[in-house]
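Several structures are given next for inspection.
Below, subunit A partners subunit B and then partners subunit C, in two separate complexes.
This part shows the complex of A and B:
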């Protein structure tokens, strides 16, 4: 259309950079996607920028470990720090109580120091050294800009009260509701504020639903009801500037329901517990002492494009650096002989204990 | 381990946290769940009487055994049931769980005033009411103050029989979050229920102790048919999975032996099948990324090909021919060998294929300027 042809080149990217700088915490990405931070800088890097606005993120819980709470805490806290409205729902009687455990940005004195970069000790047998003073290694040092988008959240320091008591936060308890209609209405109300169609506010919002099919909820055996709720939530979220994070324990659902929920997710993560003081695992993995669990990235949201994301690694170890900061690291593992054991793909996030089977012939 | 399980129950819940909950799981192949349950009950009771535990009282919800059997059990184990300070209360859901005997009369729960320990409960199906009765009686036991009591549920299987999984899950989670409850433990027969029900109970508990037969039979049938049946009659494996606060799971395994006097635990004697839990957790990698200590030391000692250059000497770029230094050190002069005359920029090269070492100019290791 001629009226919009004010640009010099037809290939100029149609980014409104003014818009994103006004709203803290938004980052533009490829294919017209806008990202918001998950609160964990490692996770943002793994996902290629952060959580895409309009996407549904599902986190599969492990029945034996509370790591999904760590992810949720960082997600919620980051949103509050950026003044992004938050809707939180949980199966406990008093969801507001959980807000007291949200982390606060750590003091700038102790920046997360990554493992002393092996790059320093990297010796390069490169004969063209004389043409360059020092081989420049690409270390990302734009920490200043990084902090605006994603803060290093200290899990031991609670978030300041004024963030929580502001009108930004809304909590819903789904413990006593007979079905999900109450939650659906609250979500619909919340999402209406961020609708993209009206071209109104371009701020972002966050919805966090914790332990979605927790067994103490009355609707927990109404599987089709839960599936249709998630489906409508996803549809509503798609046309708004909101990221919805839902955690659910897949081992408590029937396999087909669990699979359906996994397929509905735009971004699918799962957290798993690791055995404590396990000598086998300590031999296999370096840094086992600091690990608290494992994170698997099954799917990464790619809206507006058909090109899938292929990650270098999908399994990461969850560590608490200095017992405060959540970091994800690639696994450094010794190989097992590939002859025995089931393949990785079969491990579906079930937390059953594998019993030692001795075959008696 | 049984010791650590008893210890965590004894220590109870911290302020603001959910109460530790133990589920003892057994099956037909190794039906000793009740032995474990009574062992833990006796241990905890003696600690309560001695004042060593966080809880000051215990509520037993008796669903599958009569209350009198519990009193006898405690008496024979030497625990003082009739002590002056009331520390135990048994909720009798065994005699008449559904209120059939009182169908004609409209009566609720009767607290027998003469017997201070017992009260009967007649509406097992109403789990909400069960919860409130437990809380009220427990409060009556330990008082209104900060003191806590623990709850022993005789058989979660019985509860699951009478009411839905969802209501049992909500009962457990309500009990766990009650500020006066120190710990909870219950028995579950895993083969009586669907997998989902067992998974739900495991999800709600913080420790899962499973009583397993000594040898798993191959065909899945009860191993009383198997060869090792005699062993399985009195012995078995006690596997515990504890969820720790940091998110890790402590997995322990012990052997137990059932004797007339009770049950005893011992560390695993034979190395009978290593744990394979690890295999599924991390992806399989086929190449060795780790270095042994010796390898690491050796690696640090290796001088890389171009590293030693530039230390005062001019850095020479290898361009396919042997460097000057190598040719100088060459013991056997090679006729027609390559020569790089850096001064004048002339290159004189005679190649005589007879005298030349085979593939000397194709040796890829030539450029390793060590």
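This part shows the complex of A and C:
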């Protein structure tokens, strides 16, 4: 749209939201990908734009903490705000009840302070700046444009009723199903509306499947059945303009089943709880008291390309800013006490592969 | 075949410029198994071999069994690597068998021959090839773990299928290439499945992340184990190559550890 074009800074790369702003909430990316927002602007930045349409996002839950729900809530709410149809499935008896907990955009008075203000305070020595990758998409420069794509969602403020009661939302309970066929059919119907092949709607849709292999489901021991469900879901999603987010608890599955699911994911995230009052961690990390949990980014979707996405850091702390807004921050190690022994713990900013692979020289 | 640009991967797989005349396609009658894990994908090796298959000989054909990605994905990736799959398909040199939605019927139901049907399809495609394109055929499977899923976890069916394919390709001097996710089987209940396939393979390409973690300049390490390169005096040799790689849009760079150019 012409009006948006003039507001974009002239230094912004061409990959801005101009072309796709016909449909609210879509953004073009490299290799023909189109992104939709995850509802959390920090996560969009980490993933290089957002969730890719046609991709399968899997979130590995921590059985001890419900942090995956925070991610789901933001994802679902963002979609509803953009009038993107949503299909939600959960193992509870009444999934609709969960919709009442979806967050609403925060008031503009509490704008989350973003990097531009930080950069004034922290000046990075010029020769190190080259090691920091420039963010690909123009998200920061224009606040108005940013809110078109990703809202700052206030987790304490419920979403207005009219978003939830519209025909946009469909809920499926899988608690009493003997198997996943019902859910598979509902997903197939939903995905058919957004098929890229037969000129389906060119807007985007979202599917959120919560804890699909939780023990209260009757089929939770039918691992091959569950795997083939995810596989067919992935196949159908690939040729449609939908992002499918599935959360599952890997600790409740056999290791090979969990690995298969991880391989099938296009984008793979995991959330972990942080123990309260852990003195070791408190010494190791700054801001430990504010942290709610940890987010690990294992894989980022690479559709239509073979180049892997290597992130600067793969572990982030989950914090609730002002107790309302979900933010992800890079981990900062506290200054190391020179007299102490160990300095690098497991929660380092970089990911560490602990496998020892023998090399033959 | 291009004489220049024989990188470490080509050499490890057995491409030698001076032997190009005698045995145009060094993967003839051989089974290349590529293994990877969640942290580092080995799909780039498949793309590399796919591209080389077309340039190996003017009359080679490729049959691609895709269980993991649709054709648009491969089309875009290969186009950036300098290979046009669409035109190869039009000239009858590239056959894409889309198996994304293939699901074999569960045991107990009458039609228990899901994978047998796939094999028959491969045979049919080969038989229908024009004689010029029939000389060097490469069958590529992406990937075995998805194939196992499609077979409802029946690893015996998958092993049988691979044996059949291997027999078909080795007897006719064709090549078989497959990708497998080895970390699925390492802590699992059936490590024998992975070991059987590794045993069957003539060339094993293992892709792993660096032991020290992620890096922007080096995406991982590769170990290529090439069995029986030349059976001289009845002694079979095993060649092992280790090197690092960096994947780019238009090619993949291979270099020895520490020699990043």
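The rule we apply is simple: the second predicted complex is superposed on the first by the 288 of 361 C-alpha atoms of A that agree within 3 Å, B and C clash if a C-alpha of one lies under 4 Å from a C-alpha of the other, contacts with A are read in each partner's own complex, and residues count from 1 in each chain.
One rule holds for everything that comes next: a contact is a pair of C-beta atoms (placed from the backbone, for glycine too) under 8 Å apart; a residue touches a chain by one contact, two chains touch by 3 or more.
This one's a predicted model, so the numbers in the text were calculated from it and none came from an experiment.
Q: Could you tell me if A:227 is touching subunit B, subunit C, both of them or neither one (first, second, both, neither)?
A: Once the two structures are laid over each other on A, A:227 reaches subunit C alone.
Q: Applying the document's definition of touch, where does A:293 land relative to subunit B and subunit C: first, second, both, or neither?
A: First partner only.
Q: First (subunit B), second (subunit C), both or neither: which does A:254 touch?
A: Both subunit B and subunit C are touched by A:254.
Q: Which partner does A:31 contact after superposing on A: first (subunit B), second (subunit C), both, neither?
A: Touch status of A:31: second partner only.
Q: Which one hits more subunit A residues, subunit B or subunit C?
A: Touching more of subunit A: B.
Q: Which partner does A:280 reach: the first (subunit B), the second (subunit C), both, or neither?
A: Touch partner of A:280: subunit B, not subunit C.
Q: Find the residues of subunit A that appear in the contact set with subunit B and again in the contact set with subunit C.
A: Common to the two interfaces on subunit A: residues 254, 314, 353, 355-357, 359-360.
Q: Considering only the defined contacts, which subunit C positions touch subunit A in the complex?
A: Result: residues 38-41, 43-44, 47, 69-70, 72-73, 76-77, 80, 100-101, 103, 145-146, 149-150, 152-153, 181, 183-185, 187-190, 208-216, 219, 221, 223, 240, 242, 247-249, 252, 257 of subunit C touch subunit A.
Q: Which positions of subunit A touch subunit C when the two form their complex?
A: 31-32, 223-224, 227-228, 231-232, 235-236, 238-239, 254-256, 259-260, 262-263, 268, 298-299, 302-308, 310-311, 314, 350-353, 355-357, 359-361
Q: What residues on subunit A touch subunit B, complex-wise?
A: Residues 63-67, 70, 92-93, 123-130, 175, 214-218, 220-221, 249, 251-254, 272-278, 280-281, 284-286, 292-294, 314-315, 318, 320, 331-336, 338, 340-344, 346-347, 353-360 of subunit A touch subunit B in their complex.
Q: Would you mind writing out the residues of subunit B in touch with subunit A in their complex?
A: Touch residues, subunit B against subunit A: 164-166, 169-170, 172-174, 177, 196, 199-200, 202-204, 208, 210, 212, 215-218, 226-228, 239, 241, 243-244, 246-251, 253, 272-290, 304-307, 309-310, 315, 317-318, 367, 369.
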